[in-house]
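The structure's right below; bear with me while I get my questions together.
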Amino acid sequence: MSQGQGADKRIRLGMVGGGQGAFIGAVHRIAARLDDQYILVAGALSSDPQRAKASALELGIAPDRAYGSYAEMFKAEASRPDPIDAVAIVTPNHMHFPVAKAALDSGFHVICDKPLTTTTADAVSLAKLVKDTGLIFCVTHNYTGYPLMRQARAMIADGVLGDIRNVQVEYAQGWLAEPLEESGQKQAAWRTDPTQSGLGGCIGDIGTHALNLAAFVTGLRPQRLLADLHTFVPGRRLDDHVQIMLRFNNGATGLLWASQIAIGSENALRLRVFGSKGTIAWGQENPNVMWHTPGDGPTRMLTRAGAGANEAAGRVSRIPGGHPEGYLEGFATIYTEAARAIVAHKSGNSADAAVIYPTVEDGLAGVRFIEAAVESSAGGNVWVDL
Amino acid sequence: MSQGQGADKRIRLGMVGGGQGAFIGAVHRIAARLDDQYILVAGALSSDPQRAKASALELGIAPDRAYGSYAEMFKAEASRPDPIDAVAIVTPNHMHFPVAKAALDSGFHVICDKPLTTTTADAVSLAKLVKDTGLIFCVTHNYTGYPLMRQARAMIADGVLGDIRNVQVEYAQGWLAEPLEESGQKQAAWRTDPTQSGLGGCIGDIGTHALNLAAFVTGLRPQRLLADLHTFVPGRRLDDHVQIMLRFNNGATGLLWASQIAIGSENALRLRVFGSKGTIAWGQENPNVMWHTPGDGPTRMLTRAGAGANEAAGRVSRIPGGHPEGYLEGFATIYTEAARAIVAHKSGNSADAAVIYPTVEDGLAGVRFIEAAVESSAGGNVWVDL
Amino acid sequence: MSQGQGADKRIRLGMVGGGQGAFIGAVHRIAARLDDQYILVAGALSSDPQRAKASALELGIAPDRAYGSYAEMFKAEASRPDPIDAVAIVTPNHMHFPVAKAALDSGFHVICDKPLTTTTADAVSLAKLVKDTGLIFCVTHNYTGYPLMRQARAMIADGVLGDIRNVQVEYAQGWLAEPLEESGQKQAAWRTDPTQSGLGGCIGDIGTHALNLAAFVTGLRPQRLLADLHTFVPGRRLDDHVQIMLRFNNGATGLLWASQIAIGSENALRLRVFGSKGTIAWGQENPNVMWHTPGDGPTRMLTRAGAGANEAAGRVSRIPGGHPEGYLEGFATIYTEAARAIVAHKSGNSADAAVIYPTVEDGLAGVRFIEAAVESSAGGNVWVDL
Amino acid sequence: MSQGQGADKRIRLGMVGGGQGAFIGAVHRIAARLDDQYILVAGALSSDPQRAKASALELGIAPDRAYGSYAEMFKAEASRPDPIDAVAIVTPNHMHFPVAKAALDSGFHVICDKPLTTTTADAVSLAKLVKDTGLIFCVTHNYTGYPLMRQARAMIADGVLGDIRNVQVEYAQGWLAEPLEESGQKQAAWRTDPTQSGLGGCIGDIGTHALNLAAFVTGLRPQRLLADLHTFVPGRRLDDHVQIMLRFNNGATGLLWASQIAIGSENALRLRVFGSKGTIAWGQENPNVMWHTPGDGPTRMLTRAGAGANEAAGRVSRIPGGHPEGYLEGFATIYTEAARAIVAHKSGNSADAAVIYPTVEDGLAGVRFIEAAVESSAGGNVWVDL
């Protein structure tokens, strides 16, 4: 719901990808809309120019800003008096790099889905470009938007868990237990196609989320990994099951398990962090609850915005405890935090220190992780540096 | 996020109440925005004209539509070429009736918070007015917007549970276990003040939600009640704890428990329905899961949009299973369903049969319920007809 | 496992009922054996003398102590040099009174299943007899044997929850959702037969457990009730569904719900106690966990013998936390506590103050509860004193 | 509770270890007693002869069978007319081998705690001795006694899960997060002492249980492992944290995580098995529930002895569903199954095919697992054959 005809201070957004038949584009649009910080004014919503335009009109985008390609959009918008401020990139993985590069080159801020690129080299070059241009670049590792993950990060930073000793993180799905891609299902097809997804299947699609969340919450840097990648479904061209040992920069150990063949799991992203003074445990499917056990007392159930909530969680909560916020709210928080950074950038400032969003460096770490895991597994499950 | 400068097919909304310091107004605005079916263009956001205008400007409402009172708004809008289509009423309870009546009299559709009014007489007169005008009137019994409650309703209508024998419904909160109203906390103050809330405290604030949900899901009509209302916190002027026996039109029995002094509960709305062929159980705080036990097999965990989901749930789901939708999405569904009815009304049609939203009759049932419960309890816990 | 041929300090037990085809007799025997405080030496295990003797021999009871009737057993044992110390009564309800009376008259301690008797008059007379003889009389309200229920009772006695305001207790089963008794299933048959069960069906079988647990844990006395009893299964002769409002001696309110037609429930006995300073919640089906919310902090998960466990729980725990104790251990605790009282009685003392077992007075309260509930419901759901 | 003076058909048991101050000995005694299949008649309950005799007398063992050493016991018993049938070995790990060997050499059946021995060589020699003597040898991997683990094993053997693809098993404890052994706590002291525990700390104490359970339930043989063992608590002499990748004989992959420094975990043994047609998940701390998701439908909650229970579970269940059985009952099932094998052996038969207990081969597999894990970890986390 926009703010009517008043002076509109919202960020003008253009979108690449996300047209008819796509999934994640609609999520990005709801996320951008939820806190009323963005207005979608332009789009190149499909690689097929016809579909791109039709999709844009369906969404109420003005005909002259319903573009047939991202190149066309960036060129035209750059010369308008009221150009877009930022670009949301929601294409299949292999297009993230060229689109993001072009957007930055055109002077637009970028909000990009993950994984950042399909090669580390591309990711490194993108990170350099971001640094050089000084533009805001946000990678939608959306699970870091959940209030209780913000709370966990702050608790650990404050030493509540003591020294972190071990991290158990997993992300299990079951929807690819059968060769769904053979039926032509679009989501399955591109995710299992190396030309669109890059080197990694399951590891890129969800393994990167798991790694990112573990690093985000603990504040630690994964330093080495030893990976065991498998493809259980005959004929599939990319991994669908991942087991990884981790070693963090402080010596902490970790296990990361990701699977897309785990029947019975929907989006079972689960994180447990064990420290010398306590433990936290959390699961994405019921994200308004987190468990904290101090070393010297019983386990406590912390709820979003409930007793025991801290400021880091409160900043990004919209409604009182017991009324669940979900995936879309977490995703919206990523957009809203990026909006704060963009608004600050417009007035020549840095965002407030409390503002957190996943950066191009986080995206680069994810791409390195994919490459290292593939290398480790192909090399016989050996340690590889990150 | 609006649709830019394209032809805007969204419903033009005016809001009454919900200005600075209010809570539920912001929820209504997010709900209206989430599915991009509404545009907020006008407001009389406070009973204090200064605050009303300031609040409207903050929200980006054009200055000429930032009204000082609802009467002023209805008059001015009715004479514009582009008037509001609908009014959202988010004031304290005692104002629902005059505002809703005035809105209907001015020819606007209404989306009104619950309880509908503070007396049955007012509610009856409102229901008559809705019938006479043919306008759309939606009461935001938002919990009926949860996909799994839609699924449960459809399952029961399809006979999956057989004859309904018993309903156990409860709504527990703990935030009023202490006399919070004495501290001047605004939410606590008006909810415990009979001049703003009407006859009922806990029973009106949350008991009506519990009753409404039970009736919605089972498709049964509560026919009689026997109530035991209490005020546990000394000095409080309205009930804060409610125990009620119910009898439904098919002979089913029920218990309804609502409390605002149940320490440890946030918004623990929980529904269990027992039939001759099976049972369902659901809780609002983790709303993406529902339990169904058929008489002849093990309990099944049904997830929103997961295995076992039906069409009624699918219609109102936005994202795949395992990515939780929450309170705001459920609330948005109420708004979006009302939008469908309003859009149909504009073109002279009835909404599609699948469209469901709580009507003025549901609101009337809630007000009758409050009055009957107060009467039963005052009369020594005797059966009173609904 | 007995202690071989050493001097045997165990209590010599005779059993009435519990022969071939019975259920609860075997439970009592395991319970008696688990902590090695009893030795079963005699039995009148069936009302059918042939079956009684065969059952006894099967259990390894010496042929001369395999009796054909309880009267025979009490007479013969009373004249032996090594008579039984105590009698376990595990017959259908209608036999509890005559057997218990005869046992007490013969000078034996008694451990009797619930409900104590089928009429209040019988229960009163039994209570008087216990008082007069000074013998130990234990009624197996076994759920009070769970360590966390002991912990809850001690916490409440210590004021941890402040003033108790409300009690929600329920016991749901689903096994009688169909007319199982018509199939001749023995457990269903006697429980739905007024000549064997007395006035109450569901209310006597499981409602009494719910009431007893609520009173045990809170330390409060239920003073009045208003009951709504139903029989949902056509042709059934006793109630199978119970809804009751309670008022306790301190003014606390309560709801008790018991059902045997709640499909999907096995033995879902659940207790929630709400006080002015906090709340506890517990469920029998996963009895090693209890939830405690203090008024000023997050909910804490208390585990049996884990962090936060108190002495009352520790006394009756056998193994460390995380290794679950269950129903049989709770039942065994009742037997073992009774053993402590019997041992003390033998040496002319009272048992240690920490020893707790349900007494004849608790049994009497249960019988009164059944009668009052039937009276209230038959009278149109009116308040009846307890 | 023994069977009085009737002809006693119970197995005569002697115990080694488990005297005053010990923990697991009491568990074995309850387990042996629970189903009334054993009678404890002799003991060498401590390595300290004085304490051994005092402990035996306390337990009601006859003075002439209260032995000062296991050697003395085996010699004396072998020459009695009513010798023990079987020996229960509940000493620290390093004594398992000599005692077990001596028991077998003396012709006694053996029930031995795990790990079987401290070296593979000893375990191999013991396995050979068992084969040569034909005696019954049971290793108390007690978690295989849980009814739902029996059910899972039968379901997988019946193909309900299709081809097994992945196994996730974990056993987390938190009690050694601090250097408890430095306080002299007996359980911590011997478990962290290589001279009493052998090569493995956490891996031997609980990792072996996790491996055994995974193999038992899946019916698969772990073929290779790659282990990452850590000692997080400074000064500790054995591992307290274990991460292991597994490969099974059918190609399935697995992860095993065991920890004794996981604050907040008590005995969190958890198993998940993923197949091409479905999944099961189970946790030891609430063992009466198991989750089964078929590939084509919603997750089902299977309860012990409830809807969906199979015969394998029913055989070893004592009481109806909803009345929880726990750790002691599972442990008792191991004893009772061994009793069935011993009884059959006495009459020259094999036990019924349905009888299952962990054998000396299972014990040997555990010892090999410890050695291989230590070797893998010391070698830089490389694959080692099992």
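Quick notes on this structure:
All chains are identified by letter, namely A, B, C and D, in their written order; residue positions are counted from 1 within each chain.
In this text, contacts are C-beta pairs under 8 Å (C-beta built on N, C-alpha and C of every residue); 3 or more make two chains touch, one makes a residue touch a chain.
What you see is a predicted model, and the numbers here were worked out from it, not measured in a lab.
Look at the CA centroids: the one farthest from the centroid of chain C belongs to A.
For chain pairs B-C and B-D, the one joined by more C-beta pairs in contact is B-C.
Chain A and chain B have Cα centroids lying 34 Å from one another. Separation between the centroids of chain B and chain C, computed from CA atoms only, is 44 Å. If you average the Cα atoms of chain B and of chain D, the two centres end up 56 Å apart. Shared interface positions of chain C, defined as residues touching 2 or more other chains, are 265, 291, 293, 299, 303, 306.
Contacts from chain B toward chain C in the complex involve residues 165-166, 168, 174, 177-178, 226, 228, 230, 232, 241, 243, 245, 253, 255, 257, 259, 261-265, 274-279, 281, 291, 293-295, 299, 380-381, 383.
Contact residues on chain C toward chain A in their complex (touch as defined above): 291, 293, 296-303, 306-308. Of all the residues in chain B, the ones that touch chain A in their complex are 1-10, 13, 23, 26-27, 29-30, 32-36, 38-42, 57, 59-63, 65, 173, 265-268, 284-289, 303, 306, 318-329.
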